[in-house]
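Both of the next two complexes hold subunit A, though its partner changes from subunit B to subunit C.
For the complex of A and B:
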């Protein structure tokens, strides 16, 4: 008989036995040994039907194929760029994935397209077994972001920042008059009026601190209503 | 590191127009809480830890018996050294002391030395032969800006906390036992650093603000409002008016910080 040993949304520690029995399936942040499932990270337990996940409380961004991320150009190579997306590995954006049409590598200065310090939105196109990560900008809407700056949030808290079908981020945008672009890697690009930026940072800080508690949307709304200037 | 640095600077300046900082305080406010813990090290003659916001600096006092300098036979000496622990910030590397840590030690040293905070004549045991050497060792445990003020405050707190170790009859020091005699501290100099970003002056800049700062000036003053030491850093210049304003702010803020020393 399978049983869950820890309640959902409770904090678990690495090595803690969270469930017993073969009816449960281990997902991100957990592993199976024998009959039992154990936690891999310090985090919150999440159970969806019979799939068990641990959402880590903090940590690095682990690149996953298909994620849309925000990155900063850190280096220009012969046939591509190195991008910082907050992952512990080298991340590469080849010219062919970023520029439409043909170009002569020997005669082109790649900084014409993206220069060091530029902020881009890109998809993770491939993650190899040896953790070489390739980005792609072929899809619609993937581009260089002009101006603005980046603030950061723990990657595991990104879903809370976006909210159910984007409700949280839409609300923050509405109250702050800022453009906000959230990457799955926890980099958030913001641009807009100074007071708005200040409020966005405050909201993100609050989410960072209280992501594991419920009623977050109402709390953020209250904070924004008190301090914000509503967009008429 | 903050990416999009130019835009971050615009943001900091934009907020300062309205008298606000990125963490919500006013331009001339120290972060809270400011905390001083005394006697954190058993083996030191005196020690203290200072926490300002997320910045944490500890300081220990060690004392040895040694020879005085030939030109000052009746005076004890003091030596300040600072070390940035590699775990304090991603910017710090282990190894030989860098430019920043040497500068930090010198600013703290100058404040204490030039104010005459320690009555060095009372550190003399036998003129020309034996005096007390006071070692002030500063360790940065966490770096979130304004290390200088935190270090100077920690050094002062540790000096006030220090007691002389017992001196044996044969002239060696018994570090296991301490006398009740505190060090001869006659003044309490406090450093206050003012950071200039654009044309605005900030007190107690955090690490993000320091990254986009144009200049900084550290002014150390004692309880009578006498300025003992000044150190200017950063690439940009400062006008005479600005420096006068800084001096006013620093003396006032130093009085505020001095209350924490008790």
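For the complex of A and C:
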């Protein structure tokens, strides 16, 4: 007999038994020991059919292959750049993955392409077991972001910020007249009128604090309507 | 039947208060108060290892810093690390390590800072209980929460959670212990003093029972960190 011991959308603590029986499968944030599934992180329990997940409510970004992230250039090397993406590791962006065509490394100053402090959007195209992380900017839409600045959110709360098929972020964009670009690593690039930027920051702050509650979109909408810049 | 100096029962702990998220700048933090002893723990990381040669390519390294503030005791304590605090840092580290999935964070370090702002015996146990909650608050993957309490042998009786007055009685032995309630494993067991084998056994049993009570308090504090709708 398999049974769920904790209700969905409830807060669980590390080591708490969330389900018993082999019919359930442990996914991220959980582990199996014997017949039971236990939570690994402090977070929200999520159940999709037989798969059990715990969405952590805090913690750093752990790079995952295929994620699209926003990063800041922190160093320029001989054949690439070092990027800060909020992970506890050095992340490398080789020239070949960022610049089209061949170039003579010895005669090129790489700061012509990206300088220290520049903000970029890139894909994580490889993460090795020993956490050597490589970025790529070959795909469409991966580029340098001009101007703007970065604000941060806990990476596990990014899905809440984006909302169902982008509903939340579209709404924030509409009310604030700002350009917003969200990376899976929790870095958010914003650009636009200063009042709008302030509002985006306020909205992100609210999501950060109340990501575990439902009806967040309505709450954000209410806040934006009250303080929002007049659109058009 | 003789009584304890402060009128508690033999298996009664002092009143306990636990709070999670007390340091805003930390990645995870917690406060644990048992009687007059107060421990505040802050967790930072996982982050890059400094100095680099300590880095482990297979797992994270855990660093603990136990610090007793100069005003935490009646007679001013000389501030800064000393022999005792270095040893306790190690003891706390060893008590917490079995509970963490260190292999999930290779090449990183997790730092735990515990500050004792008021001491009335049992500081290492309060430190461990606080640190375990702070680690969970930091979003670090853990197998279990660690709960800790001291048991002892005072005036020929097995008692739990000694205070300073009891600790200073002649012939007292003091047994700090840490326990993982789900895995039913002891991660810290020290003995200061002498007592017969059978008494040690019953002392450990009492310790385990008390750790389970502390676990419930820690659990409540951790869940209370995030208020749910309608609460």
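In this text, the second predicted complex is superposed on the first by the 231 of 232 C-alpha atoms of A that agree within 3 Å, B and C clash if a C-alpha of one lies under 4 Å from a C-alpha of the other, contacts with A are read in each partner's own complex, and residues count from 1 in each chain.
Everything that follows uses one rule, which is that a residue touches a chain if its C-beta (ideal position, glycine included) is under 8 Å from a C-beta of that chain, and two chains touch if they have at least 3 such contacts.
Keep in mind it's a predicted model, so treat the numbers as computed, not measured.
In the superposition on chain A, A:198 makes contact with subunit B only, while subunit C stays out of contact range.
Using the contact criterion defined above for the overlaid structures, shared-chain residue A:130 touches subunit C, although it does not reach subunit B. With both structures placed on the common chain, the touch criterion links A:212 to subunit C but leaves subunit B unconnected. Of the two partner chains placed around the shared chain by superposition, subunit C is the only one that A:14 touches, whereas subunit B remains out of contact.
Within the superposed three-chain model, A:51 lies out of touch with both subunit B and subunit C [touch as defined at top]. In the superposed three-chain model, the partner touching more residues of subunit A is C, compared with the other of subunit B and subunit C. Contact with neither subunit B nor subunit C is seen for A:105 once the two complexes are overlaid on the shared chain. Touch criterion not met for A:5: it reaches neither subunit B nor subunit C. Of the two partner chains placed around the shared chain by superposition, subunit B is the only one that A:148 touches, whereas subunit C remains out of contact.
By the document's definition of touching, of the two partners only subunit C reaches A:41; subunit B does not. Taken together, the subunit A residues at the contact with subunit C in this complex read 10-11, 13-17, 29, 31, 38, 40-43, 56-60, 62, 88-90, 129-131, 154, 156, 212-215.
Residue ranges on subunit A touching subunit B, taken from their complex, read 72, 84, 117, 119, 147-150, 187, 191, 194-195, 197-198, 201-202.
Residue ranges of subunit C in contact with subunit A, taken from their complex: 27-28, 45-48, 57, 99, 101, 104-108, 136-145, 180-183, 219, 222-223, 225-226, 228-229. Of all the residues in subunit B, the ones that touch subunit A in their complex are 2-5, 7-8, 10-11, 14-15, 17-18, 20, 22, 24.
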